[in-house]
Amino acid sequence: MLAWTIYISFLGAGLLLCLSSAHKSAARVIALLSAVGGFIIALAGAWASDGRLQEVIRISWVPSLGLRYYLAADGISLTLVLLTGLAAVTGILFSWNIQHRVREFFAFYLALIGGVYGVFLSFDLFLLFVFYEIAIVPKYFLIAIWGSTRKEYGAMKLALYSFIGSAMVLIGLVAAYVVAGANTFDLLELAKYPFPLGFQLWVFPLVFIGFAILAGLWPFHTWAPTGHVAAPTAASMLLAGVVMKLGAYGALRVAMTLFPLGLLAWQKPLALLATTGIVYGATVALVQKDFKFVIGYSSVSHMGFVLLGLMTLTNIGLSGAVLQMFSHGIIAGLLFAVVGRMVYDRTHTRELAVLEGMDLGRALPFAAVTFTIAGAASMGMPGFSGFVAELQVLIGAWKAFPYYALLGGLGVILGVVYTLRAIRKAFFGEHPAPPEPGHEPPPPITLPERLGSLILLAATVLIGLYPRLLLDLIIPSLNAPWMQHLVNGGRP
Amino acid sequence: MESLFFYLFAALAVVCGILMVANPFSRNPVTSAMFMVLTMISLAGVFVLLHAYFLAAVQILVYAGAVMVLFLFVIMLLNLKEEEKRKPGWVRMGFGLVSAGLFAALLLRSVAAARNAPLETAAATVDGGVKPLGLLLFTEYPLPFEIMSILLLVGMVGVVVLSKKELK
Amino acid sequence: MNYGELLKLLAPESILALTLLLVLGADATFLSGRAPGLRRAVAASLTVAGCMGAIYWIFFFPIHGHLFSGVLVVDPLTQVTKQVLLLLTAATALLTLETAFTPHVGEYFGLQLLATLGFLFMVSSEDILTIFVALELASLSLYMLASFAKGNLASAEAGLKYFLYGGLASAFLLFGFSLLYGLTGETLLAKIAAKITTTPRDPLLVVAISMVLTGLGFKIAAVPFQLWAPDVYEGAPTPSAALIASGSKLASFFLLEKMMTIGLSSAVGSGAFHALAAGWVPMLAMLAGLSLIVGNLTALAQTSVKRLLAYSAIAHAGYALLGVIANSSQGFVALLFYVMTYGFTVLGAFGVVAVVERQTGSDRLEAFAGLSRRSPVLAGVLFVCLLSLAGIPPLAGFFGKFYLFAAILRAGAPSLGILWLVILAIALSAVSLFYYLQVLKQAFVREAPLELPFSVKPSTQLVLILLALCVILFGCAPDLLVSKLLLALKAAAPGLVF
């Protein structure tokens, strides 16, 4: 059943390609229907699951190499599949007004979504890698064709970073496949194989960093701000909301699961990088002049929490990390939607200094309110999902490495500062210039935009108030036997 | 006695070969062609020493005879001038010299190493007449023989196409 | 020996030879003086019919046997390879319809058939004399095909360059072969291998191996024997370049693999990082590494798409060499899978280039601007083919590369000594995405100054779509081809344990 999330997305993409380019509304409807279909399937899957691993499909693919078409889902996968469904639906709602090459836009969009679903559901590493790479190419075209602000540069940078990361992963995977000698890429079977220490010491960082490049690990994060800024709204929502999670998910599912000894050896340095990312992202976000860059760097900072949580190797830290993936996916999506769709498309500027004079708080009250709430969620106000997630990560980090936890706390405070600064400058400028004569007020917020914002806001509040909805999925899967070393401080 | 003749013919072949492509005294194509005839003839001499009489005869008849006559015909018909001296590009020259040097070193090393080792396969005495050659061609190697005939067809088609005047 | 048996074993080749005579004859007699379009259509249909006939013959009358103890080898593996070669030629012939550079229609298609005949013989012989003659048959036809656009200076240059370099390479190959013969007194690969083991390692063997590698390295365009490739790909008529890049590559790699793993099976050596040992493996590893580096890095700076494809072909020769270096049956299958699917892919790419070149008069990157609007089908095919070349799943190029990496590492397992080459290959494939995306960027992102739709012949569209579908199919379900090749290899050499 869950496999249909993948098929429905690719089918939608294929259907769009067969459509005549004149039928713009039909293209939108098809895209929305496929996304909603995927989301409903994901919801049903999450509803039925108790968090333990359930097999979806497992058939032989290339027998001579032991490759399998093996899809399965545990709580972690389901959380992220759910996130993907949410991001897909709302992303389409926020791109409802796209006029330029609509059919192709949604085709690339759905292909990307399908690849992402595939990554989260694959338990055969070769298959996982295949879906991981499928997601790269649509990203490039989404940004290069429909983006803004140095779009070709941003798109190429993103594509090359992703591809170099995946090249590192591929080296590690092939080497592990050959060394294990079991003629299989099955994650669970490879996880049982005790790779020699010397091997793990170099393969673990290779694979981990290969994935973490896409998660915005400092100092390999530089694609993220430029990519986010160049991307069209829906694509930056997907980038921050889902694609960065691909990296974190891969790091957790592949690198950390397969190479426990390497993980132990590299735990401290990687935690340091993650913490640096938190503080660095927040600091840089503090001084940005471009509204979208603020959100772009805040993503780096928030993803730092995910990586820090992963490195704690405690139950609470890891579940916090997964929760943070979900939470950041929703909040960042919302923030990008406000900045890109509601503000930039109407005012054609993202300069905070210019926005300050526009008095957008009065002109676009819905945008202002939405952004304020999303900003509050982003800075970790209680009652929103960000609070629960970051708190768990910090508690886990406090147990594992207190100093980094302190630094992470500093990151939270900086987060409050830059978010407030952005809200104040963008929406509640102190010296609104008098409206020029002949200046038209920005067009009002449309229905799809309101709908998208409300869905995302509802999700973050729901998880903030009742995190057990997701934690009940995440925690049982962390207790699975092959994840034991991850929650026991690295010991098997 | 035999080895004396071998060295004579071999040296002649090499010297004439060099003079054919890089004659310091003359850049006339006809001179080059004449040196090529000499190379062919010395090679025929080597074949005789190997008891390959048929091959030697064919070498003289076909290459030194027919082919070279055609060559000369074409050269004279085209009325080629003396080839102009070209300035050698130093990079290319250097690259060529280095690869040639490396290759020569490899050859010399193996020849030097081979000198100590006794020659294992004694020179097989071959009957290089027409009969054994014909037998081989029709018993063991008819396939390459047939492929050769197709190869000639390629040559024919190619010549027709390339030499035909384009009607514009 | 029985000539009837020879004819039976050579049935596909005979069909092809008959077709060739038909094509030449038809064009010279009742078609002479007719409109060139008609002549092309007739010649192409005859060529395709001949190729298809040969394929059907192989399919429905499977026959296996060795004649003259290996001068002619017909086994399941050669038959599969021949079928793919014939398919490639048929597709090339159909793509030729898109071009109009020569009035000598019959001869052009005839030479394509002759080159294919050469490929078929290259594949089905294990005797160095026959191999050489077959190689010359193919090469000579290809030289002619490269210089066929007589009104075009670049084509003449391409032909001459190809001929001069090729002649030199043939001389090297022949010298190497004669040294091998001199060392062993044998012309059959298996017997050569047996003789080499019994005698102590002769230093002349190193010379022989390096000369053979020089000759064959030229055919597959591996660095440092690649100098001809860019000019030939750029200057030659596009269908000729396509045949050089697809069919010729496949036949040459098949030959190289047989030459190395059968003929020189006792002089393998090792290319592992800490344990280099003399033999052909370290030599090939060096060629592969150089090809990967030079091909991929030089391709970055190209502005002509045909030149870009030439450098990418050099890089791909580097990848395919990994399969030979593996020196295992898995490696053999991986190599064949890779080169076959590469043939389909590169034909598709050249087909698109041919159309764009005919419509815009240029193969520069800018000529591809707005392709997605001017002809969505062509843009789609280009998308699939170039991404497959870059190694993006789920396309055939990705699985081919992965299979090569797995095969070469497994052949050396549990030691990972050859990992350096794999790392180099994977890292450079990340680089290669950049230049493929440059082309796709023009096609999909940039807008054309004039958005006139391209007119594309239905036959071309059909072939291109089929090629792209093949690339997708073999990427999604590689087992279709892999299992077939594995079975064929097992049947061809039951006791194969290399």
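Each chain carries a letter (A, B and C) given by its place in the written order, and its residues are counted from 1.
As a convention for this text, a residue touches a chain if its C-beta (ideal position, glycine included) is under 8 Å from a C-beta of that chain, and two chains touch if they have at least 3 such contacts.
Just so we're clear, the structure is a prediction, and the values are computed from it rather than from any experiment.
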item: For chain B and chain C, chains touching each; value: none
item: By mean Cα position, the chain sitting nearest the middle; value: C
item: Centroid distance [mean C-alpha coordinates] between chain C and chain B, Å; value: 30
item: Between chain A and chain B, centroid-to-centroid distance (C-alpha), Å; value: 69
item: Distance from chain C to chain A - Cα centre to Cα centre, in angstrom; value: 43
item: Interface hub residues of chain B, defined as touching at least two other chains; value: none
item: Residues of chain C that touch chain B when the two form their complex; value: 1, 3, 6, 17, 24, 67-68, 71-72, 103-104, 107, 110-111, 114, 117, 121, 125, 127, 129-130, 133-134, 136-137, 140-141, 143-144, 147-148, 150-151, 183, 185, 199-200, 202-204, 206-207, 210
item: Interfacial residue positions of chain C with respect to chain A in the complex; value: 330, 372, 380, 387, 392-394, 398-399, 402-403, 405-406, 409-410, 413-414, 416, 419, 422-423, 426-427, 429-430, 433-434, 437, 441, 444-445, 478-479, 482-483, 486
item: Complex interface listing, chain B residues touching chain C; value: 106-107, 109-110, 113-114, 117, 120-121, 124, 139-144, 147-148, 150-151, 153-155, 157-158, 160-162, 164, 166-167
item: Complex contact set, residues of chain A against chain C; value: 17, 61-65, 104, 126, 129-130, 133-134, 136-137, 140-141, 144-145, 152, 156, 159-160, 163-164, 166-167, 170-171, 174-175, 177-179, 181
